[in-house]
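Please find the structures below.
Both of the next two complexes hold subunit A, though its partner changes from subunit B to subunit C.
And now, the complex of A and B:
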């Protein structure tokens, strides 16, 4: 019976391939959307992860970069620099904004960094300067390309004109692009004087970042200090929180689609093989064995489809990077596990669809011509 | 006499209601002994398939009693009937009904997982049966590549794999050319005579009448006596099958006479030991003469 289950499934490879491809497309759709979402989430913490500071210092009561604002009086830069184990303190101003380029508005975070110091600046450059000078901006290459702009052209950020001095990579995503200007320019634009948003702290070699963060909190009043890992994890979870409902709805829709497809495939299998099922029953095979065989077939289709979908998504990651650089795809273990379990659940549900058909097959019909 | 492998008493089965009521089987009683080959014949729609479906534990009768291998099947649950079919009955169908995705050998072994020993224990038996039925070379072939006669022999091998005591065949030669049909009938005949199984065949094939131990005539759901039509055919000295000597292509001249055969198989048997069959033949003649 086991033998038959798989032989029958593989007896017409084209049909199996078509079935698996159909179900796989449903899973791939879910994985793709989750991938886009995960890609975006990764971009949310790109600045934190890629600038690679040991400790981040922010306003007391603040623990994130997104969905909050942090203001620190600038005398705290020196206060933090005076804490034992601190090697370097790099302040940034951080603003959630929109800029105009090529007649279009782009949503972007703007980082104000100290003129001439690339420490908090872009980590990967396409062209031009790593650190902006006064009146200059470094914008993502992707935006420059699609707006038809290059180095020396003008962009408007928060109502002020800036000259493009450099084009950065790995700083674009649909909702979380990053633009760099000088701290002074940004402060002037938003009319704040004597304040910064965050401090990037580099530790002396051999200093434990967690202990350093504790020390900073203890010695400098009204600040919060977090290690890079913790700060990054907190922001990432904000992103995940925001997107979780959407991901679940996508999984549900994709799963329902896959149930219908798999169910239809197994059902049409049963209809095509009705005579063989009648013969099996006549020979003494019980309904539940036939049913188990169908369940196994549905499971095989589901898992093959899942494998194909995973292969497709891994193929899509570099392909999307080339064909559509605005989209960043990220594949997470959580997404793989989620769609893998969806595949199993889908198969189990789908196998219920042909039950009545199987039960109604009359063994006597094996005698009919 | 041993207890019969199959007993039916006053079996009734109707379909439909009111004006559309059909008494497909109408009070049939019969017995089948081990080693006996019995043929049920009759006009189309007379209830033959319905009757063997009931006798094969595939369909429940409205009333009456069917006892298979000592078990009254009306006492069995669906699962019990399935188990009985798997272990005690071998089915041969008109349209072969092989599982298309499985090879010849896998088809033969298919019912084995329903029997106590499982596929493993049955494997040597499968090879032996395939050998005996001349299918050893085709054992890895898929059913669609086989001729009709080969398919039916595979189906017979499958019916035999669990060593059932009862074989039920509905029109086993209906889809075969005359030579393959004859061969299949011979195989079924051997199964009764050599292996001692009870063989019940529904057929319109006249040739089976000559090898069967008994012929039952079913008409309008009832068993009736039927006068045997007179044939002036010669008999195969080995299997006793009626052969039309005018069209027969398989024959041999032995002594002063010419002998006709249903198949190469019978001719080979005859040439090996002609004496046994010649005496057998004269006994048969005597019996025939007594009857007429």
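And now, the complex of A and C:
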């Protein structure tokens, strides 16, 4: 039976290829959809991860960077700097905004960093200055290219003109691009005086970041302090949870499509081989064995399709990065496990579809002309 | 050939049913994606239009409602109300906060209003009226199992839920509503109190014009006389937000729709291919009777078209049912599957895919030997 299963499956390579490609595209749709959320989730924590501070300090009651607001009175910079084990404190102002570049509006998180200190600035540059000066902005290279702008051109942030001083890399995604200006410029633009949003704290060598965060919370009034890992995990969690429901829905839809396609393929195999099945039945092969063979066929198609879909998404990640840099794709282990499990479940369900057909095959028909 | 194609369709009803169901599911998936994006844009528009006002005033240089921080100096309200044609200017602000419960984190856009700009559809309970009261959207209530009278803790400050709204959400984020009195208490009593100076107290003004006044003219007057403010007709601001949504989601929608079309073409191609393989003998007879490849291919394409035409209404019904289900399970999403433009486009694409998919077995058909008809 085992041999028959695979001989039949590979008897028409063209049809097998078309079958696997169709089912794979259903899995690929799910992986792509999930990949978009994974890519965005990775980008959402890029600033936290890449600036690599040991501890982040923010307003009490706030535990995230995105989708929230944090403000700290600037006297807390010195207060945090005075805590034992703190080597350096770098303040930033941070807000979400829409800026105008090349006649189009772009959503961006704007980071106000101290003039001349690149500590909280972009981590990879395409060209230009690494830290903005007064009246200057560093924008993502992707936006500059899309808007047809370059160094020396103007962008407008919250009604103020800024001159592009540098183009950064790894700072753009659909919903999480980052623009850098000086802290003073941003404070003036958003009319805040004497406040910052977050403090990046570098610890003295040998100091445990978790203990330092606890010490800062205990010693400085009304602040929250988190290690980089905690802070990053919380923001990542926000992004993932925002897309969780829709990712599950797409997984179900993609899974249902795969069930129907695999079911159709197995059903077609049965329909085309009724005479062979009748011979088998006449020779004493039980229905149970035939079902097992169909299940194996469905599993083979499902797993081949899954493998093709995974290959496609891994191929797409660098390809999309080059061809459509506005889209950030990511692949997570959780997504791969979920899709792999879906492939197995899909095959099991699809194998049920031709059951009636198998039951209806009469062994006598093997001897009829 | 038409008669033969239709006859073939009914010859194996189980296979035809599976084929129609699969194509319908693909069309439903395409309609859902289109509906998801259309719903996202509608939510963005509604976020502005449901606030009301004939003219909306924002900080100079700010041209969006949902994604930008607008801060207006307090005196702007009095200045706006002094302009000709202005009946009243209602203050509005908003702030993003994170609600955390049971290990889950959800961002909420808290809309703060005075006597205009509040919730458009309170389906249970009532709108907030004073300190410590909040009205939340059904999307948040459903996600966390919250009900009227429950506590909602934000920045260590306990609000009491007084009402549940419907359809107040945008970009996967549910809205909540509090009054300015509630905001002041929140600022002073919550953890944010120490740094209150930095928080926005006035972001937008919703301007009612006097009877007979032209909103566009009033907006132009405010623009000309008040340098700290930019004005928009609500429709313009809504369009700005919608355009921003298109900028954010457009590229990914194109990618996913492209992939969905590829699935459709592959699936219909697979069905046509399988149909030809299973009827090789019949087709051999037709070839022996003198039918050309063109005739036979026309039959296969007609059969694929027939499948697509049956699948279109089923796909629309499936998409509509699924959208309703999803909106009930997770009301933060709005999936507009009934958009006529989307329906027509998907229908046209289904026909195109059927033609393309129907041509898939062209090679097999060309190689078809009339002798097949006479083999055992």
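The working rule: the second predicted complex is superposed on the first by the 369 of 369 C-alpha atoms of A that agree within 3 Å, B and C clash if a C-alpha of one lies under 4 Å from a C-alpha of the other, contacts with A are read in each partner's own complex, and residues count from 1 in each chain.
Heads up, the rule we're going with is that a residue touches a chain if its C-beta (ideal position, glycine included) is under 8 Å from a C-beta of that chain, and two chains touch if they have at least 3 such contacts.
All figures in this text were calculated on a predicted structure; none of them were measured in a lab.
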| item | value |
| --- | --- |
| Three-chain arrangement built on subunit A, subunit B and subunit C clash or fit | fit |
| Larger contact residue set on subunit A - subunit B or subunit C | C |
| Touched partner set for A:81, first subunit B, second subunit C, both or neither | neither |
| Touched partner set for A:210, first subunit B, second subunit C, both or neither | neither |
| First (subunit B), second (subunit C), both or neither touched by A:286 | first |
| Apex subunit A: angle to the C-alpha centres of subunit B and subunit C, given in degrees as a multiple of 10 | 90 |
| Touched partner set for A:174, first subunit B, second subunit C, both or neither | second |
| Touched partner set for A:11, first subunit B, second subunit C, both or neither | first |
| Partner chain in contact with A:307 - subunit B first, subunit C second, else both or neither | neither |
| Subunit B versus subunit C as contact partner of A:21, first or second or both or neither | second |
| Nearest-approach distance, in Å, of subunit C Cα atoms to those of subunit B in the combined model | 8 |
| Overlap of the subunit B and subunit C footprints on subunit A, listed as residue numbers | none |
| Subunit B - residues contacting subunit A, complex | 49, 52-53, 56, 58-59, 78-79, 82-87, 91, 93-95, 97, 99-102, 106, 110-111, 113-114, 158, 170, 174 |
| Parts of subunit A lying in touch with subunit C, wherever the complex brings them together | 12, 14-15, 18-19, 21-22, 25-26, 28-29, 32-33, 36, 59-64, 66-69, 71-73, 95-98, 100, 104-107, 156-160, 174-175, 190-195, 221-222, 234, 237-238, 241-243, 245-246, 249, 253-254, 256-257, 260-261, 263-265, 267-268, 271-272, 320, 324, 326-327, 353, 356-357 |
| List of subunit C residues in touch with subunit A within their complex | 12, 14-15, 18-19, 21-22, 25-26, 28-29, 32, 36, 59-64, 67-69, 71, 73, 95-98, 100, 104-107, 154-156, 172-173, 190-195, 197-199, 230, 240, 243-244, 247-249, 251-252, 255-256, 259-260, 262-263, 266-267, 269-271, 273-274, 277-278, 322, 326, 329-330, 332-333, 360, 364 |
| Subunit A - residues contacting subunit B, complex | 1, 3-4, 7-8, 10-11, 275-276, 279-286, 363-364, 366-369 |
